[in-house]
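There are two complexes below, and they share chain A, which is joined by chain B in the first and by chain C in the second.
Moving on to the complex of A and B:
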């Protein structure tokens, strides 16, 4: 191959990123504008700038905007997690969902809801700890996948199989916990697992955002070393990189991001699989562009999925995660069909 | 000899299913309820609550056990099962769709819907796998798991738009033998039996299929016919099981391994053994489900899924697949 494609992609990346950003802003604005009452875009802008009517202020700031913001954060976080996992396993089929991280986080949250509620169905502790539970669940799950797979971890496709097995166990235990838990919490948990972005408030967004910033910074720091990880272990050591350790770091970061993303939003399936793919397709091989592109695309996808759900199913609130799964699963199959010879 | 032992075990498990639970009953009480029904509270509980599950659990277990053997042979894959191929999810989706979209309420109708769902899913999975460059064992499972995920999210959409049914369907969807009417056994039984008979008739040819396709063809096995008939059998077995108990996870994964370990690789021995072992396994799991989170009843599907997940991990660890 000549270096022509790479020069092309370098030139293409800024343009693609600019278009994605524009699409992101546009979708975010329509995410705020759409709903049971339509608020024209100029009025949305007015509210955001600080001079809107009272009712519009409430609708926009308390109901619609939180939804859009959390969708952007969660979708973006999930997508970056997927990007990291795909990069480090050198396998385009890896994603937080397939590696059992999402089910682990779900189990963490369900245990949290079930164990820490009192008889009157209210939590005995602050909801602020929910992301902590999700994080713990996610990290335990991914650790289990790795410990159990042992030396087989070097084969990405076998890693996926271990992920599937761990996910299956986590799912079963989740089911039991949901049945033990009080009914109100059960329906909460069911919605959570399906992945819903409604009913979030600013407090939850704050928690997510504050926790996400340092993780993202770490991701960007680690990203500098990501391209060599495309190498195999021996050559990586040759350029002075301890691959196993680095791999663990990346996995921890991916688990953390996933946990934060799913902590309040739930199992938004398949975004972590699709977004990084499209991002690589659109912006090329540069790692930073890939991360940024994944984040934007993930955000776009979840906001878009939420919009679709709101437009199609109003007044019923269908979890946005179902849309991403319905679109994502065929995409995954398409991927499998395209990759014919890379498994063992 | 082995079969005799298994039959005795099954009988013991079914007796246990009748006597053990939230309340313990003596064998004499069971006897009285079954053969000298006297309308006492005990007799009513045993005959109406305990008996159906003591009958349905072994039926479902046997069905899934046989289905597991067929699926593992067909895909030449020791970690295949009706669930890893997405058949359970397909059957569940079909049942939920049939009841919510088409208003089908009859048990027979739902059983048929479940079988149809399983059949369509099996075609889908194998068609995609074939077009994706061959039936590599791992590829089939990956595709099956994805299809299962898709099926689950579609079920999720239907359920969230239908919140009143959530709690009840949630229990059904996790697989359970509790609160099933005896009529289910009557509507599912014939379908199950049909599937099992096809499986037994196929036993000889399935032996040949264990090698590769070329060998099988060269000794005169009509591949297309055998595969088609096997899928039909698997779909009937899985569909009937799902209609009766919901998706009871991973029974079809675990049972064939136990059966192979006991009686070897020949299908004429393997299929009856898998049926018996599956029946015992499901019945015992059902008894365990009554006690793990006592006094509340756990869905048996959760128990079999945990066991199955662990077995799957062990199989992967040993590189059995």
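Moving on to the complex of A and C:
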């Protein structure tokens, strides 16, 4: 594959994206069709077009469609965040998970649940602020990674190491908070940390979608400046990329996207690592194709993971995040072992 | 040479630069001639690479300034500067699965913006840069499949595509064998003679420096020790002062440039 001329790579991207889009639509429809009762695909399409009967309407629109939509948004958002981080650190091992963003968001959620609950364990504020807490935790985590790494921030490896360290600290504090917290909060927090797309309602989807649109627009605007990020720092600055500043912008965007993606769904693992890496293999180096491909693959992965847990474990609700972790962890190892060949 | 000031493309004025608490460049001033090859040389740690990077504004000066004509480079934004000064890094790196053409295209980056996407002018510059460096036939090859010499040509093509009047190269032949060193520096000389670029070059090898420099600059301890033609600088006394090396300087019978034959060091270098 490494000898393919670039003309093929260029022609390959639209085809790969078309196939991904088709797979995405098919999987999304299947995600709605599967469940305790099977609804044939043509009837799913009928409900979506507004011609469904009443019970089917409720099942499709209130129970199944929300989890498909949030899975697409969260999976896609996390994948794009991973794409940005892999690009700006020039390292295919970078992901929102490795950089401490997800664990920071988890800590934000746990602190939110602990601090803002009264004696009877009910929240004194709206649960709608949970994503704000996740966002704050994510941004504080990524800021810490940057501040601590300081002058070493130009080294991708150092950044990853600091990210892992910050993630470990956040994880430890999260664990302590959960152990000393009331049971209600602990289970709520545990559900968040595993990452599940059930129990998400349209209101939460709306918040996620509305917040994600401006961030995605910023990502697309910033994407124009991304190509030189493939080069070493001196060469990238040599062709005019305003690197220290631009890197901070990209990290902030990735942190924002990750926080939005995980806010309701929780810390779904490894999609931010796998999807952008696969997307780059499939669509090549173009940044717009890479962003779109990452989003589609991330969405496919989380919808697919949710579908798998529903088919395998019904009626028990197993978090979709367990599937991505089971598949993602070996993938990470595989990447790590293959990486030696490219270094040096 | 006539009036030095009006003939210079770049003016380094009273430049001081620190790394943390270490003062690397000390109130250094240097005019760099327009349309010439200027070679910065000196012993390890003399600040030659730092000076080159400062000229490309990769380091922020503690004091002093660098002027392009009468323009302070501190007043330019990153892309404006990248249209004026190109830079080949000391150890540039790009992904091994990137193609030659993809890398050379990045040289057009500072010429593009949201309102100016890829244009026929960019394509022309790309083709010109690739043919000028003899890498057109490699355009679809992945960087990882190239030899060291080919790769260095491709990087020079990228800097050439940038179409900057000034091109800085930081030890471009360090890791190349003898044939590729000459090949690379001949190419740099062509950029100067045929494309009229002002070249600023950091070189380790004194004899290579003498062979290719129009203007030779010796640095020592963050200051200019001497500046002039290779013939003026490459004397036995001059080399001993700057490099602590006893040598014999003869005239290269082929090229007519001074040639240094090192005899030994003055100082005992500690391990």
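In the analysis below, the second predicted complex is superposed on the first by the 335 of 344 C-alpha atoms of A that agree within 3 Å, B and C clash if a C-alpha of one lies under 4 Å from a C-alpha of the other, contacts with A are read in each partner's own complex, and residues count from 1 in each chain.
Please note the rule applied: contacts are C-beta pairs under 8 Å (C-beta built on N, C-alpha and C of every residue); 3 or more make two chains touch, one makes a residue touch a chain.
Keep in mind that what you see is a predicted model, and the values were worked out from it rather than measured.
Participant: Could you classify chain B and chain C on chain A, in the superposed arrangement, as clash or fit?
Facilitator: Aligned on chain A, chain C fits beside chain B.
Participant: Roughly how many degrees, to the nearest 10, is the angle at chain A when you join its Cα centre to the Cα centres of chain B and chain C?
Facilitator: Vertex chain A, arms to chain B and chain C: 90 degrees.
Participant: Check whether A:148 is in contact with chain B, with chain C, with both or with neither, and answer first, second, both or neither.
Facilitator: So A:148 only meets chain B here.
Participant: So, A:90: does it touch chain B (first), chain C (second), both, or neither?
Facilitator: second
Participant: Applying the document's definition of touching, compare chain B and chain C: which contacts more of chain A?
Facilitator: For chain A, the partner with the higher number of touched residues is B.
Participant: Just to be sure I read the superposition right, which of the two partners does A:166 touch: chain B = first, chain C = second, or both, or neither?
Facilitator: Only chain B is touched by A:166; chain C is not.
Participant: After lining up the shared chain so the two structures overlap, which partner does A:53 touch, if you call chain B first and chain C second: first, second, both or neither?
Facilitator: Neither chain B nor chain C is touched by A:53.
Participant: Superposed on chain A, how close does chain B come to chain C by Cα atoms? Whole Å, please.
Facilitator: For chain B and chain C in the superposition, the minimum C-alpha gap reads 17 Å.
Participant: Residues on chain A in contact with chain B in one complex and with chain C in the other?
Facilitator: none
Participant: Going by the contact rule set out above, which residues of chain A touch chain C in the complex?
Facilitator: Residues 2-3, 5-7, 9, 90, 224, 227-228, 230-232, 234-235, 237-242, 285, 342.
Participant: Show me the residue ranges of chain B that touch chain A in the complex, using the header's touch definition.
Facilitator: Residue positions touching the partner: 79, 84, 128, 131-134, 136, 138-139, 141-143, 145-147, 149-150, 152-154, 156-157, 159-161, 163, 166-167, 170-171, 174, 249-250, 292-293, 296, 298-299, 301-303, 305-306, 308-310, 312-313, 316-317, 319, 321.
Participant: Where on chain C is chain A touching in the complex?
Facilitator: 53, 56, 58, 77-79, 81-83, 86-99, 101-102, 106-107, 109-110, 114, 139-140, 142, 144-145, 155, 158-159, 162
Participant: Residues of chain A touching chain B in their complex?
Facilitator: Contact set of chain A toward chain B: 93, 97, 148-150, 152, 157-158, 160-162, 164-166, 168-169, 171-173, 175-176, 178-180, 183, 186-187, 190-191, 194, 269, 313, 316-319, 321-322, 325-326, 329-330, 332-333, 336-337, 339-341, 343-344.
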